[in-house]
């Protein structure tokens, strides 16, 4: 088995969920997601398109700030990434703050495009490295974007998975619940249970999150590192080098 | 009728207190030199509209007490973390905050661009963003069947203010791919622009430049301001000054630190590094 | 994933019978070589959407019996006067006509571009355009007081077809200022383009070109077709062939004359003059 | 008095109605209106902007086909020109055809942007050179755009004047009627009455439509002719030369 870092594990886990897609978009301040998308593109043999916001060479948008949102509404974006200061067991995400709105105890930057993209992009992957009862809560204090909607609400998109620093959950839209799929090295089913504030289901065969195969690692530490360096030079230099 | 060229001080004198001022995101061309001049002139009571997010520009205006209402999808210092004055003052209620989402701000500006009273938008239903926006409506899609959709009233800024690489002598402004600046200029009653440099040729005469140019019809006035986005970067021209931005974030953790930053870097006019 | 390059014949083979086909106005880049190839392949039952007007392109398709529904703000041969086949056949009821107005077509395409079910539009109330469009609605502006406004359902073409000056090897297409082509490409499920020439450099790498470029994400396929707009002109490249257009108008005054024109200039493949 | 052609008279009559405006837009196939706008611009000392559709040097739009309409809706276009196969006494215009719609006896090209711009541009000048009971009718067969609207309809714009080959009418929005203001040389009040199919009011002081002063003629035959030649070369060569 190839040796890989924790970051490389996460990049690989994301890339695996992007296989076969035509177009993956990556928001700002998302080096791991960006590297994963570029890895998936490298593995697709030219069939996948990746848009990295903040990149010059991997961002083809020419119609201004609205184009990402219009493009998603046209059904031309298959996957996107969101996070959240709080994420709850129904897939609701909170990027606004803790406490009773509007006089919050803790204020975060704001919802960005989440209240829209979460509805329109079919495969939204939630990524939040900190896995704790502080971040994974029973009920978010503020719903920047809801995880699910009533049947009559126009919603081709929604949560597909939640990846943290400890584990990978898939989201079941019918049950409106997360299901624990795999646990990363150095964590355990018990560790995940102790650090998750919401209830979730368990896959029958929870195993270790598989690491990136050697071929992926070679791409990650070569071509993908060079590509992501344009947008995230420090990340490329520190996180994507052979150990 | 071409757009007049003004000094930076005369340009910001055209921005009255109490207006709705639209400003672009950090990746787009932020008129920071003009923002410092605006704070020096003591602007008050702004309804600041971030299109759709803002960073140090909103920070300085908020911290200086110039903002009474802020509408934004986010205020952030990016990789440097939370925006300290925004975070501190929003909790104190020093200004009213209209939490929004990026496409809602784009859509409401496009409504103004088209002279429409409102624009529909997908998404949003079930979010607390919508729950706390009594100015937005949910209506039935008349072409659907039990299909609610959000309607956003037009946002027509009094003034749009941004920084661009080039203006020609007629006041046409080149923005390249940064089309959100064009929507802002179309939507706002008046648009004030600072530019890196004046371009001697007619931007509309060269088809390659014309496609990325806002015609002077939409431009109220232009001021030349080399490195006018500093300490933010300008795509294709210069990078953000990360060291200065980090210095700001450290200083602005406290009210006192912010006051010192303001005194040293804003209230005293100084050339950008 | 880049857009594939096809021959003109293979490009039009991608246009099935019975679809909604969006085409641009004469000033914008009309794929006339492709239109002739499409008629040669015997296309039928098109819902032709002129964005927002058309000329000889609609004439040829209507005259050849390829159109079952036409939606347009106008069909005209410009200074050459009325469009003869349109004028003759619309009266015979050979196809259904949805009379529209330019901004309504632009707005309905923008609704599709934004994935919206509808778009509001000012004007129209009291016109017979509106009276004869049962697919449009009048609704109260919920932000107003006794303020009716027209709502237009989105128009999402199956295919947009146009001609442009340049495509690069990745299938990015340069349209310069002709932004209605970008809206068409965004709104349509699929976009097919003919171009004057292939550009060897990456159009998106040059900021001046990028601002007038439709990224290949929106482009289904490209065919090289030098003088592909003939007998219509292409801005910055060549003028309309007024003599040929006049010849057409004279010929098409009668059904027989039109058939002869079709046999001589369309059904037999020939190089543009 | 300077000698001038009929076309020059019409250009001058239009230019007079554009005085003091900031921005005049001219649609396609409108050489007389275009020349008038460029003349008015030349007389404005640089204060007036003119957009001539179909021109390269006098068309600054950079946002595609919608920009003219958006620009009008923003209140940035003060005057525009419309015509009509039929125009009636209430200012309704018909660009669609004669007879019962949709099986018309005569079909014209279509309504273009009239159903919108007539509502939004404050000063719409109707121009129809043919002055006959065939064109100026009691009631149009098809309303491409109505001349007036109910009080609750959003309508900052509407008809300002009707210029024909025989006369100039102004439109009274309160009365919803045209008022004959002046009659061109070679016509007369009686000739106008005999050839107008709708009822109209008469100004107390109907005089001859004034011709363009010598200074205007010099501009028309020099600078304006050169400017309009870019879009309408034949018109410039034949209609705008000294007699």
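Letters are used for the chains, namely A, B, C and D, taken in the order the chains are written, and counting of residues starts over at 1 for each.
One rule holds in what follows: a residue touches a chain if its C-beta (ideal position, glycine included) is under 8 Å from a C-beta of that chain, and two chains touch if they have at least 3 such contacts.
What you see is a predicted model; the values in this text were computed from it and never measured.
Following the contact convention of this document, B is the list of chains adjacent to both subunit A and subunit C. Seen from the Cα centre of subunit C, the chain whose own Cα centre is farthest off is A.
As a whole-number value, the distance joining the C-alpha centres of subunit B and subunit C reads 37 Å. Centre-to-centre separation between subunit A and subunit B, using Cα means, comes to 29 Å. For this pair, subunit A with subunit D, the centres built from the Cα atoms lie 59 Å apart.
Shown for subunit A are the residues in touch with two or more other chains, namely 61-63, 69, 73, 120. Counting partner chains per residue, subunit B has residues 107, 114-116, 121-122, 147, 149, 177, 179, 182, 210-212 touching two or more of them. Chain contact summary for the complex, subunit B toward subunit D: residues 1-2, 112-116, 172, 182, 186-187, 204-205, 210-218.
Looking at the complex, you find that subunit B touches subunit C at residues 107, 114-122, 137, 139, 141-144, 147, 149, 151, 153, 175-177, 179, 207-212, 236. Residue ranges of subunit C in contact with subunit D, taken from their complex: 25, 27-28, 51-53, 72-76, 78-79, 82-83, 86-87, 90-91, 93, 97, 99-104, 106-107, 110, 121-132, 146-149, 177-183, 235. Those residues of subunit A lying in contact with subunit C across their complex are 22-23, 46-49, 57, 60-63, 69-76, 120. On the subunit D side of its complex with subunit C, the touching residues are 28-29, 54, 56, 61-67, 69, 73, 95-96, 101-105, 107-120, 142-146, 149-150, 152-154.
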